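Take a look at these structures.
Below are two complexes that have chain A in common, paired first with chain B and then with chain C.
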Partner chain A sequence: MNALGAAALAAALLTAIYTLIAALIGARSGDRRWVDSSRRGFYAIFVLLLISVVSLESAFLRSDFSVELVANNSSTTTPTLYKLTAMWGSQGGSLMLWAFVLSIAASAVLFATRHSHREIAPWATAVMAAIATFFLGLMMAGVIFTNAETYPFALLAAGQVPAEGAGLNPLLRHPAMAIHPPMLYSGYVFFTVPFAFAIGALITRRLDATWIRSTRRFALIAWLFLSIGLALGARWSYSELGWGGYWAWDPVENAALLPWLTGTAFIHSIMVQERRGMLKTWNVSLIVTTFALSLLGTFLVRSGVLQSIHAFGESKVGLPLLLLIAAVIIGSTLLIISRLDDLRSERRIDSLLSRESMFLLNNLLFIGLAVIVFWGTFFPLISEAFTGQESSLAAPWYNRYTTPVAIGLLFLAGVGPLVAWRRISTSNLRKAFAIPISAALVAAAVIILAGEGLSEPIALVLFVAGAFTLAAVGQEIWRGTAARRALSGDSVPVAFSTLLTRNRRRYGGYIVHMGIALMLIGVAASSSFQTSTDVRLSPGESAEVGDYTVTYVRPTSEVDSQEQKLVFGAVLDVTRGGEQVTLLNPAREFFASSSADPAAPLRGFFEGEATSEVGRKEGVSRDIWTAMQPDLTSFDPVIAEGDELFGRLAAQLDLTDPGAVQALADQQGAAIAGLGERYLNPATTPPAEFRVNVNPFVIWIWIGVIVGAIGALFALWPGAEARRSRVSNVYAAKLARELATR
Partner chain B sequence: MDPTKKRQIRLVTALSAAVLLAVALIYTSFNAANDALEPSQLTARADGTYDVTGKVASDSVERGETLRFEITDRDGGEGVPVAYQGIVPDPFREGREVIITGALNEQGVLVAEKDSLITKCPSKFAEEHGDDPNVIIEDA
Partner chain C sequence: MEFALAILIVALVAVFVSVPLRAKAGADGTAGTVATADPELAGLEARKQTKYREIRDTELDRAQGKLTESDFKRQRGELRAEAISILKQIDARKQALGPSDAERKADAEAERPS
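This part shows the complex of A and B:
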């Protein structure tokens, strides 16, 4: 199986090189046979990488520790789901994922455009093949330069195969963490498609909107993947302790946010080019930037260049990746400069109050945001270069700059849909803005009267902007429905659904705007009105936390022999005004350390990884979030005593006898269970530190993300319009072929 | 107004806004940033708040209401005592790399800001084995 996967990987590299050459010959000569062959080359790369991925995953499932990657990232006790996802926890595995997703995206776009774009597509194929060759080459280079880290199928010598693998960090055993990395990677990789077509369009000087039309869906898919990836990361860090809540401006988080920001700008500004033939230079520059930032994101995660919570092992792919980024930026810039004449706008902006200038403003704000985040993220390197002293920026700095820009963008998300292309007349302006502005004023009044608004002006402005945008988008959808009804006489639901499905892209986009508004309302409320309290409690004691009373009812404990963990927890009763709100069960899980001293089996449990299980009650208006840390100082003497006993026992036993080893393991199990009982015994239950947070409106962040994802999916879904054009494309291609052969 | 002139005015306004933003960004970032130091550099610079990156020294952790431990440079050396209150991240333990924000007091103890402790997240167990002879897995 491993040999098959390794062979398929090597074959994929050779095929990618062939595809690159075939595409270049096809593009230069215009010979369709080479072009068709290069397209099929990409299908072949996809099949080969599929074989390779399946065989690597099977090694993980079989816990075949002769594969170094498996031994380093999985273990027999790892739950099955996480065996499958352990692949991308490693350098080689994540490179494999990159190449595999690229082969999917490239095959899909080449299949979709097989009858069109005769000039652009071969060059785009060449660009994508070059990138595939780069990543596959990086993996195979691991074979030549004994840099086994990048080669996923590196085998351990027969004598070195361990009986048990290192396993996955228990902290990462969370469903969101299992799919967070591939989502981000897919986001990065899918931006390759519009990038490659943009390069193709530049080389062939076919700089009308055709390259955009055939790849905008891929840009949107990339955007959706990145959004989901970012949201899952946020969700995960909200569920863990010490990760700074859902967003902490950590460099690696920022690295994934950067292409999202420029990508969002891109999917807006291409509409201006499609509609009005403007912003051509801007659009090609944006997609080049987005793709370069995607590569930078891939690079930063594993480079160790910046101080981050995400300290993966320092990798050896840094230099080649940096060279690729430099090549992409320099090559694209030169190409754009040489094509400036062809990139001239077909029209100019007529009025500042027009859809196109709103798009332009939106783009400037997104780029501004990206510049701020980029500057902050790379500030340690910048300051070291200028002052010789590395220094870093914390969350307050980011918040100060990003908040006003975010407020501006949130308003624009409502203003944009209200303003017509070219220009809006004063009477239409009044008509379009009356309701949204009233909604914003009502929201402001309600919040101020509720008494919370004035203490947090920034949150107030964000709420008002959110209300404005929700009302504006709602009004647009309602007016469209009404117009359709007047035209067709349909009932409201029918008119509503035909309206939306007839123009999926537009209304999908509006739904995304609603999602963003909900999300930012959640962010504003939770970051301004969070309360956080630390209390130390023993069973039976209570503490006041804001309006709530928290009582430590009883301790809980559990031993899980499958995952080798010991759980110490607490049941907390949360009441408000004498009424019970919820029961929470925060806990701390201790995992046996695989490297622990075998003579100290008890201490090993507390020196291994420990994770906090957050006890949380999510609600429409607020979450109650608790974490606990038992104070185990009173356990130390008992643990030491137990370990001493074990040391003596182990010395007496013949450890080559499997029966004796089993007996020792049984004794260890019994001792661990004894610790659990000691924890539960009212006389010896230790006190614990609790952190109790009351986070208002956090759930709206997740609801906003889901609404936004639905909107993006809705916009992506091939609608009537796309089907029509596909039919006419096929027909046109057929006609062209017939005419050519006649 | 003639359109060319109008465009020029717009361009100048936009560019000056961008320049202003950039200047503000640069100015405040140099002011707001904390210098990032290793523990051994800390003793030479008594005043001010720093981001200190280092390793938690072995056998130095004392838990309690205040968490006390020593932090050394990544490649070892003299430890600096730390007093910390707030959330202790899950991966925190001896030998791990941490980042902490704080200032030295007169006794030479690094008094950390509340909740400023960041522990780096190793993606897998293998890395921390390092020089542990009991572990068979080696980095190739």
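This part shows the complex of A and C:
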């Protein structure tokens, strides 16, 4: 099976090279046979990489430790879900994922455009094939440069195959982390499609909006994947990292946010080109930037150039990725400059009070936000280059500069839908804005009267902007339904449903705006009105956190011999006004370190990876969130004594005898279980540090993400072909009548 | 083993990707082309669809009270003029290209005695 996967991978590289050559011949000669052959080349790459992926996954499922990747990232005790997802925790596996998703995206777009884009498609195929060749070449380079760690099918020598694998990094054993990397990678990779078609359009000088129409869905799919990936990362951080938040401005988080920001700007600005023939240079520049930032995201995760919690991804593929980014930026820039004459706008903006003006403003703010995040992310490198000292920028710096821009964008998410294309008259403007402004003022009054608003002015403004946007979108949907009813006489539900399904792109977008408003309201409330308290408690002791009383009821402990995990936890009773609100179970999980000193097996548990299991009660208005860290200093003498004993025992035993090794392991297991019992014994239970947070409205962040994802899916979903042609026929007939009367 | 498998797979792929190359070229050396593949015409068709959608959106904007009656009439007039211009360009392009395969087939069907 491994041989089949390796052979398919090698064949995929050869096929990618062929596809590149065939596409270039087809593009230059105009001979459709070469173009069709190159398209088939991508279908073949997809099948070959599917075989490779299945082979590698099969090695993980079989715990085939002769494959180095499996030995380093899985173990026989790793749960099946994490065996399946362990592939992308490694260098070679994540490169494989990149290439595989690219083959899916490229095959899909080439199939969808097989009867169109006769000039652009061959060049786009060549661009995508070049990128596929790069990533497949990077993997296969691992065959030659054996320290490159990029070849996923690298085998260990017969004598070096371990009986047990190293296992998956404990931090990654979380459902969100199982899906988060492929979502982000899919987001990065799907932006390849509009980028490749933009390059094709530039080369062939076909710079009208046809390349945009054919690839718009792929940009939206990329955006959706990136959004879900970012949200899953935030959810993981909130429930697994034990620091109490969901966004830390970590460099790798930022790296995924950057293409999301420019990609969002792109999705808005292409509408202006489609309708008005404007912003052509801007759009090609935006998609080039977005794709370059997608590569940069991969580079940051995989190069380890910036230290972060994601440092487990460090490796040696940084330089080739950096060269690819440089080639993309320099090549595209030269191409854009050489086509400036063809990129001239067909029209000018009629009025500042028009939807296209709002889109332009929205784009400027998105780019401004991206520049701030980029500067903050790369500041450690910049400061090191200029001062010789590496210093980084923390969350307050990011918050200070990004918050005003986010407020502006939130207002625009409401203003945009209210304004018509081309221009809106002042009287219509007043009519359109009356209800949303009233809603915003009511929201401001309620928050101020509740006594919270004035102490946190930024949160107040965010709430007001959120209320404005929600009211604006609600009004749009209501007025659209009313207009539909007036035209058709349908009932409200039928008119509502018809309005939305016949204008998927417009109303799907508005639903996304609602999701963003809900999410930012959640962010504003949870970050401004959070109550956070660090307390040290022993069993039976209580502490006051805001309106709540938190009592450490009893300790809990668990030994998981399969996962080599020791869990020390606590049961916390949370009450308010004497009434029980909930019981929480925070815990700290300690994983045996495979690199620990074998003569000190007990200490090895506390020097390996440790993760937090957060105790959380989620609610519509607030979350009660706790994480704990037991103070194990009182255990140190016992651990030292136990390790000394095991050291002596190990010296006496013949460790080449499997029976003796098993006996030693059983003794170690019993000692670990003894530590668990000591933790539970009321006489020896140590105190623990608890962080208790009361986070208002956090759930609205996740609800906002779900609403936004539904909106994006709704906008993506293709309308019935028959209905589209019926609409076209209606307008064609109207115009034919008009033409006949001229 | 790996090498032999790779050779076998490459051979299978070669057969698959070379199917179009083994097909007979058309008179103009562009096998498999269809009239809609003409980039000029495809661009015009796409512009036509966008223009129809713009007209529909303008009607929706007017019904929702975003456009005054005079603005609506002016915009609709402009959009219709643009749409008519695109339709004329499509007709001209189609005439320049000659009938498409589909149209030729339809004509042949129509001429066939029933």
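By definition in this document, the second predicted complex is superposed on the first by the 688 of 742 C-alpha atoms of A that agree within 3 Å, B and C clash if a C-alpha of one lies under 4 Å from a C-alpha of the other, contacts with A are read in each partner's own complex, and residues count from 1 in each chain.
We adopt the following convention: a contact is a pair of C-beta atoms (placed from the backbone, for glycine too) under 8 Å apart; a residue touches a chain by one contact, two chains touch by 3 or more.
All figures in this text were calculated on a predicted structure; none of them were measured in a lab.
Chemist: Just chain B (first), just chain C (second), both, or neither: which does A:G414 touch?
Modeler: neither
Chemist: Quick check on the superposed pair: does A:P555 touch chain B, chain C, both, or neither? Answer first, second, both or neither.
Modeler: In the superposed model, A:P555 contacts neither chain B nor chain C.
Chemist: So, does A:G263 touch the first partner chain B, the second partner chain C, both, or neither?
Modeler: Neither: A:G263 stays clear of chain B and chain C.
Chemist: Under the stated touch criterion, which partner chain does A:T611 make contact with: chain B (first), chain C (second), both, or neither?
Modeler: first
Chemist: Quick one: is A:I120 in contact with chain B, with chain C, with both, or with neither? Answer first, second, both or neither.
Modeler: second
Chemist: Applying the touch criterion given at the start, work out whether A:R691 contacts chain B, chain C, both or neither, answering first, second, both or neither.
Modeler: First partner only, chain B.
Chemist: If you stack the two complexes on chain A, which partner ends up touching A:S427: first (chain B), second (chain C), both, or neither?
Modeler: second
Chemist: With the touch criterion stated at the top, can you tell me which chain A residues are shared between the chain B interface and the chain C interface?
Modeler: Common to the two interfaces on chain A: nothing.
Chemist: Which bits of chain A are touching chain C when the two form their complex?
Modeler: Going through chain A, the ones touching chain C are 3-4, 6-8, 10-11, 14-15, 18-19, 22, 29-34, 36-38, 40-41, 43-44, 48, 115-120, 204, 206, 208-210, 213, 274-275, 418-425, 427-428, 431-432, 476, 479-480, 483-484, 486-487, 503, 506, 727-728, 731-732, 735, 738-739.
Chemist: Which residues of chain C touch chain A in the complex?
Modeler: 1-3, 5-6, 8-10, 13, 16-21, 23, 25-26, 29-34, 36-39, 42-43, 46-50, 52, 54-58, 60-61, 63-68, 71, 75, 80, 83-84, 87
Chemist: Quick check on the complex: what are the chain A residues that touch chain B?
Modeler: Against chain B, the touching part of chain A is residues 68, 71-73, 89-90, 146-149, 154, 160, 162, 166-169, 171-172, 240-243, 307-313, 348, 364, 368, 371-372, 375-376, 379-380, 383, 387, 389-394, 396-397, 400-401, 534, 536, 594-595, 607, 609-612, 627, 629, 631-633, 689, 691.
Chemist: Under the definition above, what is the set of chain B residues touching chain A in their complex?
Modeler: For chain B paired with chain A, touching residues are 3, 14, 18, 21-22, 25-26, 28-30, 32-36, 51, 53, 63-65, 86-94, 97, 99, 101, 117-129, 132, 134-140.
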